[in-house]
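Structures are listed in the sections that come next.
Paired with chain B in one complex and with chain C in the other, chain A is shared by the two complexes that follow.
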Partner chain A sequence: MRKSRAETDIRRHIALVENRRQWTALAILMALLLLLPHLLRWIGAGGWLMFTNFTLLTVVAVLGLNVITGMCGLISLGHSGFIMLGSYGVAILTVQLGWPFWAALAVSTPATAAVAAIVALPAVRLKGFYVAVVTLAFFFIAQYVFKNLPLAGSFHGLVGVPPPRLFGWKVRTETAWYYLFFAAAVLSVLASANIARSRFGRAFCAVRDNSVTAAGLGIHVGLAKIRAFFLGGLFAGLAGGLWAAYVSVVRLDQFSLWDSIWYVGMIIIGGGGSTAGAVAGVVLLRLLGQILRTATMGGWLPLNSNAVAALTYAVYGLAIVLFAMFQPHGLMAIWGKLRARYKSWPFGV
Partner chain B sequence: MTVFLQLFLSGLLLGGVYGLIAMGFVITYRSAGVFNIAYGQFAVLGAFMAWVFLGSPTAPRMPFVPALALTLAAAVVFALAIERFLFRRMIGKPVVASFMLTLGLLAVLHSVVMLVWGARTTAIATPLPKGPLFLGSIVLAREYLLASGLALLLAAGLAAFFRFTRLGLAMRAAYENQTAARCLGVRARRVAQIAWVLCAVIATAGGIIIASVIGVSLLLSELVMVVLAVVLIGGMDSLGGCLVGGLILAVSQQLASYYLNPLLPGVDGIVSMVLIVVILLIRPTGLFGTRAIERV
Partner chain C sequence: MLEVRKIKAVYSDVVLGVSEVSLTVPDGEAVALLGSNGSGKSTTLKSISGVLATEDGEVTEGEVLFDGVRIDRLAPEETARLGICHVLQGRSAFTHLTTEENLLMGAYLRRDRRRVAEDLEKVYSYFPALKARRRQMSGYLSGGEQQMLVIGRAFLFGPRLMLLDEPSLGLAPMIVEEIYRILRRINAQEETALLIAEQNARAALAMASRGCVLQNGRVVSEGPAERLLEEAHLALPSKVAGSSVQSPTENRPSSV
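Up next is the complex of A and B:
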């Protein structure tokens, strides 16, 4: 809640959109985003729609990680595991038990959140790296469970997750998926912004900054951590379930530790703790990866697919290293500095 | 009974190796305060460098001693470069930032290995004694005998270094309170350099030892999971704890692979993970770690 002016009214202080100027900017942005598929087709870049859809899903998932890591300061290397739970949940319920998609999603998402809350239990007493290691351990244990669960199709995975039906239509075209995912992303952004300005969000930030003082202020640190993981698991479960429907095949090798690391990287690069920062980090890293892929596939850089993957890792890793070294508060800090410089021009910051 | 003894002894040997490798991790944590999650990649890089100089058993390149010397020299250079260019500016920054840096380093090193050497697995030509050793009806791996001996020697050497030499004392002081140590004349840079050099050298040695059994490949980076388990069980700042943690982990793995695998196939792979969760629930600072008292 970085406001430009001090407010005496609490409702105006925590308002998400402050004034008419911001409302118009928001309206223009929403109009652009709603028309995006048609705009992309109009300029001949229709192929980017699939990339946009995956990016929207990543936004939902990383907003969840933002609650855990950005707001509450608990580094979670197991977020890919939560997404895996959401995907497998939906896949098992629809493919093995024949449930309709929305029912499966409605059950699988809270179930993932519940598991996330359980994973939070050891983390209640722990700090920093220890939490990261616990989430890492959870990820491998979850992988093991799904590998050996015959219900989950073990190695071959589950095929044939049905697409969701909206008011009688099956979601089949990329544009339809876009609108579905866009709705999910808007919901997630709203939810995340609301969490940040709520009592829970302030508690998370207090726990992140100094948990001893937070306890002294009457915040139950353990409950806050469990809540943070629960909320993060909700987002991840939603993203995973939607993803399962999108690609309709859920297999173990689609979820790797590297994805968890990239998600944490997106949070760092974007700027820890803020919704806008998380979205910025996701968009930046996904764009980088896509540019690399099109550059190598398009023949500018003659590399085979293994080398493309390696190069992507190198670029992502380098981005994380540079931000960790020079700007640990991410893009949002850079943006904040630019804004401050603009506001105080021609004087210094 | 012999089965149990077999499992226990082979676990003991493997535990020595695990303990040896984990010591490198503990040294960076103790001296530089860095939770180096890229440690597995150090081992992979070291093993591949050794392979470059040593060659495989079917196509050996250099005799062992000069090749090893070259590899260790390369490890030293690598460690000094990392300290100088990456971690020196992180002094004074929050510890989380260093952890993020090692995360990024993990990705970069992994990709470097992938780009240079690809996803191959090759054998490495070391003169470590190979093959099984028969003690009655118990079979032990000869490679690990030497490695365990080396681990004990190294542990003793490091303990002596930290306790009896001035430099060791300086490093311990720098770990406890860097500012106060610098006021007393301890050169923080030198301490950091030594810590990273030790880390890289131990990682390389460990990588070569394990590679002589399972071959040189990117799989060696899985070592970091083992190291994490060992370090958490033993205590993040205890060198002796590494050995104990290594023993506990290795013996548990052997017992699990014999007794539990028929019930739950492949469970010995996640024994380290389960042990991590258990130890973090019961005793987060590890068996021999120092308890941190948190102050506001």
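Up next is the complex of A and C:
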């Protein structure tokens, strides 16, 4: 039965996990990640939990940017602004209006996505550099609005975002936060991988690779761009909302243009468009920063905190530039080459 | 089915693409659109599919009718919904998608998953080379394979009218033949109407029933393929028969 085989072939083609070996590897990875807080404590590095928690939040946010920039090819320098919206949304609803955290998150996340879709409207007719400028403008407008909005606490921001309650108990300890963020990250990874293999996701890539041909195949290019921003905004809104609850304070200086730039850098380092690549990019760049920080705090580097901040930026920038120059398709391309070499061994180059 | 009536197409309000081009493509027929570089072949196709607008061009005079409905003001995604698939010049594969993902993009508007799966197998039977590379990024395909890919993708689109812009561009004669063999099959078996813009007049006229010759944005000759083929050899050697590819069945000396 050739026909039925064709259909199973399509399904296998888009399956997320293809064979048993991949299932095993995935199971081991998940088990390790689930045990990570305890492992960290066990080796006496419990202080790293805060770092892993922020990393997980960054993963959620950057997966959103990956839809916009990686898949659809629209460079957004406003991602930090979208996260800011998600954070302020939750903070305003909980602190000012007394909503419970989950209700606030459920409203603020789609609201962030809606704003992202509106930001995408002028971007529909623009390309490359100009999209970046539009998103940059959005970031500064958002910053200005929150700075002057009494409801958002103006310059001082909002303090006292309540931690979420899960099944009756409050999320308090770093370990509890870890599991909450881990769940959010896993959910985001699944969502991102599913977007990539869906009709919409392929349409994003088609628009990025060749928008005229994409239109010729019936894809509404403008709508695809708006959709990409909307989806990216969902991730950013979720990350921002959780962020607000985690640090319980929302202030303007938590969301800088630098962050937006590092997020784009993480996508470049990871390899644009790939879910795994985006995660790898986040982990690599954040690890780099954390190692520098630890090294100075441990007194291994004779530098004061200002010098470390500058050094971190320099190292980040250098990593991004080196990747863009020598490995423009990022970590995923390196991984692909290694795999191909392993598979064809001892033949091949 | 398709009727182009004396269209004039202008880019950026100032650059004239074509003036007074008229042609018709009846249901299920293959029509060749011939002419040298810059004669207006691509512009004519773009006026039909609506791609013209994405290049800051517009049809300022005349009209394009598809089943009697005016389509010259429609966006490309709208003409696509009517069943017109434009295979652009050059290799317009989505280089970061795999071969199979590329093909499936052709079926973007289709909801009949089962038929799509069948058609996918059909494409693989037309172009076995693609099946071997189904999981590879299409950017790694050879030029000929990429051309097969975009034609296969257009086939999966399931169009009523396929607009092909120089499917022979930059390909080895053997590959050109293979591609035309498949195009003939698509035309005959699926009853898809084809409008093929080509410099390679012989290849296109060998399969088309009618032809239309453009020069400087105007139609200079039109008629049944056989007659144009004759003219190509006798009267207009430099204009139409500018192709270097000879089909192996005929061994005539070049007439220039």
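The rule is short, and it goes like this: the second predicted complex is superposed on the first by the 340 of 349 C-alpha atoms of A that agree within 3 Å, B and C clash if a C-alpha of one lies under 4 Å from a C-alpha of the other, contacts with A are read in each partner's own complex, and residues count from 1 in each chain.
Assume contacts are C-beta pairs under 8 Å (C-beta built on N, C-alpha and C of every residue); 3 or more make two chains touch, one makes a residue touch a chain.
Computed from a predicted model, the values in this text were never measured in an experiment.
In the superposition on chain A, A:Ile219 makes contact with chain C only, while chain B stays out of contact range.
Shared-chain residue A:Gly273: touches chain C; no touch with chain B. In the superposition on chain A, A:Arg202 makes contact with chain C only, not with chain B. By the touch criterion stated above, A:Asn210 is placed in contact with chain B and with chain C alike. In the superposition on chain A, the residues of chain A contacting both chain B and chain C are 210, 212-213, 216. Against chain C, in their complex, chain A makes its touches with residues 2-3, 6-7, 9-10, 13, 199, 202-203, 205-206, 208-221, 273.
Residues of chain C that touch chain A in their complex: 49-51, 54-55, 75-77, 80-81, 85-88, 92-97, 100-101, 104-106, 108-109, 113-114, 117-118, 120-121, 134-135, 150, 153, 157. By the touch criterion stated above, chain A contacts chain B in their complex at residues 73, 75, 122, 125-126, 128-130, 132-134, 136-138, 140-141, 144, 147-148, 210, 212-213, 216, 258, 261, 264-265, 268, 306-307, 309-314, 316-325, 328.
Those residues of chain B that touch chain A in the complex are listed here as 35, 37, 86, 89-90, 93-101, 103-112, 114-115, 118-119, 225, 228, 232, 264-267, 269-270, 273-274, 276-277, 280-281, 284, 294-296.
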